[in-house]
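As written, the chain order gives the labels A, B, C and D, with residue 1 at the start of each chain.
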Amino acid sequence: MLEELKMAVYEANMLLAGSGLVFGTFGNVSGIDRDCGIVAIKPSGVDYSVLKAEDIVLVDLDGNVVESKLRPSSDTPTHIELYKAFPNIGGVCHTHSTYATSFAQAGRHIKPYGTTHADYFGGVIPCTRRMTPDEIAGEYEKNTGLVIAETFNSLDPERMSAVLVNSHGPFTWGKDANASVMNSVYLEMVANMAMNTEILKALGNDCDPMQPELLRKHFDRKHGKNKYYGQ
Amino acid sequence: MLEELKMAVYEANMLLAGSGLVFGTFGNVSGIDRDCGIVAIKPSGVDYSVLKAEDIVLVDLDGNVVESKLRPSSDTPTHIELYKAFPNIGGVCHTHSTYATSFAQAGRHIKPYGTTHADYFGGVIPCTRRMTPDEIAGEYEKNTGLVIAETFNSLDPERMSAVLVNSHGPFTWGKDANASVMNSVYLEMVANMAMNTEILKALGNDCDPMQPELLRKHFDRKHGKNKYYGQ
Amino acid sequence: MLEELKMAVYEANMLLAGSGLVFGTFGNVSGIDRDCGIVAIKPSGVDYSVLKAEDIVLVDLDGNVVESKLRPSSDTPTHIELYKAFPNIGGVCHTHSTYATSFAQAGRHIKPYGTTHADYFGGVIPCTRRMTPDEIAGEYEKNTGLVIAETFNSLDPERMSAVLVNSHGPFTWGKDANASVMNSVYLEMVANMAMNTEILKALGNDCDPMQPELLRKHFDRKHGKNKYYGQ
Amino acid sequence: MLEELKMAVYEANMLLAGSGLVFGTFGNVSGIDRDCGIVAIKPSGVDYSVLKAEDIVLVDLDGNVVESKLRPSSDTPTHIELYKAFPNIGGVCHTHSTYATSFAQAGRHIKPYGTTHADYFGGVIPCTRRMTPDEIAGEYEKNTGLVIAETFNSLDPERMSAVLVNSHGPFTWGKDANASVMNSVYLEMVANMAMNTEILKALGNDCDPMQPELLRKHFDRKHGKNKYYGQ
């Protein structure tokens, strides 16, 4: 059943595998069929290099496995809470990509510093609060989803398609599984440049430049009237 | 018409795609035929992996599409303003490359710190002022070009072939489309090393080195008289 | 003899070579047969590109070469001390991977900042004390192992499968040679993100974001009602 | 003439091209035949992708081209001064590799922080003083070599096979052209880790770690008695 959805989710997982954002068995992508309320998701702990479309696991919105020999991703309850909280999304992606995860570990939002951010994310990319010992001891993965939903209380998930889970890493979403993966890719680029931007602002503008004579010498030996670089 | 220009601009866009500076549909390169005042430019939102030479769009200097099934890059009005302001350039390239964009997002010029910079850029690589709400609300992409031209009021575009648009990213140019792409590549290298240089200057020279005994031990076990590393 | 162990250690060394953590002749992996107390290890100074399974050297726990034309890795005495100190491990891996080595050079532990760390390492990844001139002048490689064992006095090597040797670099271990290599890969990821996390925490949250008008303009030209990006 | 030397220098240049340290026409490698005092060096401004062994240029120690259709690297006079100052070296390599050049641009020595450094470089990797306007206006490339020689007044070029030219970049050397390239590769690794080390030391050890409950939860869901990650 739902072969088309399973194939789409398989392809989105392989897109993630080829994106450079994940390694080994890291990360997972899901997609939902809203008509029948069934989520298709990567199986737990399976390496992308051996993943097949038929391995994709189907679960209902109560987390029951509908069809599979394999166990679904251990993060499945988080995905389910996102589908419940954000009724217009069709796919969810989770990675531990380097820069986005670093912001999550620092417990820091990602502010918008430029148009690369603005092209994909309509404001500050939020970081959740830390989870409590009770939330961790209880239904941990479900509670992760609930904390994300709480963070989006006053946010529009269609203008902000990413969140950083504090001390953990990013989740992204989109109209389908493929779009959710692309948003993970854009998020990582944006996080990388946001970190650099903050470093450059902190450094300020006080460093002495090189000698002006050396600047002119090198530019002119390549581009000046008497240039002597090259053939 | 202008098949040679379209092919050159296609090849320059593919050079950009292979440079590692862009991802997906990011970035765009154009070239101009100065005799007939026609600009050839990448179509909007087309992935490099499917781009063909015949997809390159021709526009005149008023922004009218001269020949194409496809819409030109949404940044076309910026390219046109650059061709108007800098009458000797033949190609323009726009990327969101990581380090150059980080400087743009920080609103910082790139000072010359070494001969790699001096080999390609004849001074401080300027960052524009921030655009005003009116400029953004109006003809935004055209105004982006006008703000660049304003920044170059007292600068020679043949000795400085790059600019950082504040809160956005870099534009570079050259004698043709291909040269404009190469300048984007050089700019990214220079920005990367400028950021490292400023970090190293800020760190200063106070760190304690390793134990001298360990230094000698390791050097000599590989290179000393009684070396015992290797076969 | 022990052809299976030698093949497993060969494959683990090639896994390391393909991991991007080592270059040239850097790094070494070993495995142990606990029944006969024999360690199989990479030969010293042999490039991975020419390494063969039959080159793997067998040594006993006194460091005597049991079978080989080649000399074992110069780090062999360190591996042997780890097998003696940690009776449940089956493989050991040593690299000079960039981020883990940087923490080792800074003489700093790697604190747990997020779940990527927690997925593989059950606490703070410890850095040894500096070695003394006497330890360096004596049986240096053996003493390196003894300093690691000293660091693990009150630590469980099954919950913490990595150590940073001060002013040197990381050693990791696992149930077999392959698992020890995977732990080196995870360690490097964790070290990279820990460094970023500390930088982001130090930077704090004071930077001004971009103009809100520009944020809205770019998001809406791609995603708004009147979007005009793309075909 | 000297076909063997030309082939060795060609191969060393291609090793450099494949090392990831250079781009386009950047960098150059030479080798010397001490018996006849002839240096073989890369031609100026030739891209590695089209370089052939027969393009390698032969010059004598006065800088006269002995045999070639092509002009030698514009940095040839620097190489020649190094061969004169260091009578035991057989090859010289020049790059603008990112981290080593960043230290050069910051005008900073690279201190030894760990055994990766000690494995290849027997002490502090020195940075030259800045060149004077007169030295730049005069025989610039020759003076670059003289400033390096001055820096090595009290240093042994066999224990220290690298230098950073202030505001420029690194030169390395070795027993032959190939060894000089390998030292450029090692230098870049060492510079990268030295910069990280200094950042980590500056950051210190004050950051709060993650919640201990979350640490335990994630480790145990993968490795504990009741683990539920994977199949």
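Just a few scattered comments:
In this section, a residue touches a chain if its C-beta (ideal position, glycine included) is under 8 Å from a C-beta of that chain, and two chains touch if they have at least 3 such contacts.
Just so we're clear, the structure is a prediction, and the values are computed from it rather than from any experiment.
A comparison of the A-C and B-C interfaces places the larger number of contacting C-beta pairs at A-C. Think of it this way: of A-B, B-C or A-D, only one pair shares over half of the B-D contact pairs by residue number, and it is A-B.
In terms of their C-alpha centroids, the spacing between chain A and chain C amounts to 26 Å. Here the CA centre of chain B is 37 Å from the CA centre of chain C.
Multi-chain contact residues of chain D (touching two or more other chains) are listed as 105, 113-115, 167-168, 197, 199, 201, 210, 214, 217. By the touch criterion stated above, chain B contacts chain D in their complex at residues 113-116, 182, 185, 189, 192-194, 196-197, 199-201, 203, 205, 207, 209-210, 214-219, 222-223. Note for the complex: chain C touches chain D at residues 23-24, 96, 98-99, 101-109, 111-115, 117-124, 159, 167-169, 195, 197-199, 201-202. Across the complex, chain B meets chain C through its residues 25, 43-46, 70-71, 74, 105, 130-131, 133, 136-137, 140, 167-168, 210-211, 213-214, 217, 221, 228-231.
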